[in-house]
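There are two complexes below, and they share subunit A, which is joined by subunit B in the first and by subunit C in the second.
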Partner chain A sequence: MSEALFNVGDRVLVRDLQAEEGVQGHVRAPVYCRGLIGKVERICGVFGQPESLAYGGDGAPKQPLYRVRFSMSDVWSDYAGEAADHIDIEVYQHWLRAA
Partner chain B sequence: MTTHSHDHDHSHDAIEALDTSNSDTALVADALRLMLIEKGIFSALDIQNQLELMETRSDRNGASMIARAWLDPAYKQAMLKNGTQAALDQGFDTKGTPLVVLENTEDVHNVIVCTLCSCYPVTLLGPSPEWYKSTAYRGRVVRDPRSVLAEFGTEISNAREVRVHDSTADMRYMIMPKRPKGTEVMSEADLAAMITRNGLIGVAEL
Partner chain C sequence: MSNERGYHDVGGQDFGPVPIVEGEYQLWERRVDAMMRMLSSPGVGLMKFDELRRGIETLGEDAYAAEPYYGKWARSLCKILIEKGVLTQDELDQKISNLRSERGLAE
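Up next is the complex of A and B:
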């Protein structure tokens, strides 16, 4: 099991493991948040890696799961709503790095 | 050249789209089910029991939790801290899938989506509506939530933050709507009755 590297409020960047490591198939980090910086909203617990579980693997090493909060105007450059609007996305630790 | 002269003064696309009884997918599902019964993986009775269990899952479960929370500040605080335990306290076992309850306030309006598939707290909200699973909802509510909410008749003031929650992994979400004014003397059962499924998803206010 991987130790939790981030705390609530930490700034994190969503990695693109598809580009970095060629990870393909069943991943749970949406394309639209990759490369973006958000803040850890909460730590959800520790869960098996979906990239492993989806193909009959054991999900090891289990990963801390975070809810990461992004500003909508960071996600969409032409966002039509208000500057205060946000989106919270669940991202596993191995998809994150400190920002 | 156009050969399409079908009369479009009536609308039947939605019904056709939902009618999958003769589809290849349905035939494969039937064949798979029969084969698994034949191999003894599960029995026909197991399927019937599972279907009956599914029928007990309803948005009334989630509504009962919210009504209780409106009346019981300690339960509300506990629910916002640990939704899974609050569901258990009300008699609903989410079977290892953690529940997060998010409160709508004067400052923030929350709405749920699963962009990757259709994750949804079935135990507390029952089967999800067709639109929740549609690519249109999933694609648009993260991109332009205020317009999508407006299409549900939910106009969020510019002074309030809209917060979208993409249920991408292991959490499931339920919204605690704002308690309407003028409901101070209502009973818990009457309060629960006015809590709608769309309110619990966050596409409507009460």
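Up next is the complex of A and C:
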């Protein structure tokens, strides 16, 4: 199991493992949040890696899953709503780096 | 951003308002849901939800667009169970053919 690297309130950047490491096939981090910086809102638990489980693997090493909060105006460049609006996306630790 | 966006990964694309459909789930939808929950239960352990998702993401863009929510599940269940050797394509085809004759439906 991978140790939790981040705490609530930490700034994290969503990596693009498809571009960085050539990861192919099933992944969970949607394209629209990759490269964005958000803040850890909570730690949801520890789960097997979907890239492995999707192909019959054992999912090891298990990864902490974080709920990351992004400002809507960071996600959508033309966002016209309230400045405080945000979206929470759950992202596995191996898809995050400190920012 | 990666160029490898799958056809299922549509966040941020403009599809207009989300249609809200009221109504009960149909029996076949409940059955598909029950099958997946049974197959993924700890005592059975034949399928993971990650495998279900991967199956849906590899049905092909046309099937993905054409199938309703549980239609995607049903197709993925068949695909993954055949891949694992739990079912064969022949068994599935035979069963579908039998049900069609029983119910007087065209082949």
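Operating definition for what follows: the second predicted complex is superposed on the first by the 99 of 99 C-alpha atoms of A that agree within 3 Å, B and C clash if a C-alpha of one lies under 4 Å from a C-alpha of the other, contacts with A are read in each partner's own complex, and residues count from 1 in each chain.
Definition applied: a contact is a pair of C-beta atoms (placed from the backbone, for glycine too) under 8 Å apart; a residue touches a chain by one contact, two chains touch by 3 or more.
On a predicted model such as this, the values are computed, not experimentally measured, just so you know.
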{"item": "Touching partner for A:P30 - first (subunit B), second (subunit C), both, neither", "value": "both"}
{"item": "Partner chain in contact with A:A84 - subunit B first, subunit C second, else both or neither", "value": "first"}
{"item": "Subunit B versus subunit C as contact partner of A:P61, first or second or both or neither", "value": "neither"}
{"item": "First, second, both or neither for A:P50, with subunit B first and subunit C second", "value": "both"}
{"item": "Subunit B versus subunit C as contact partner of A:D16, first or second or both or neither", "value": "second"}
{"item": "Residues of subunit A contacting subunit B in one complex and subunit C in the other", "value": "30, 32, 50, 75-76"}
{"item": "Interface residues, subunit B side, partner subunit A - complex", "value": "98, 100, 115-116, 142-147, 158, 161-171"}
{"item": "Interface residues, subunit A side, partner subunit C - complex", "value": "16, 18-19, 24-26, 30-35, 48, 50, 53-56, 59, 75-76"}
{"item": "Interface residues, subunit A side, partner subunit B - complex", "value": "28-30, 32, 44-45, 47, 50, 65, 67, 72, 75-76, 79-82, 84-92"}
{"item": "In the complex, subunit C residues that touch subunit A", "value": "1-2, 4-5, 9, 11-12, 48, 50-51, 53-54, 57, 84"}
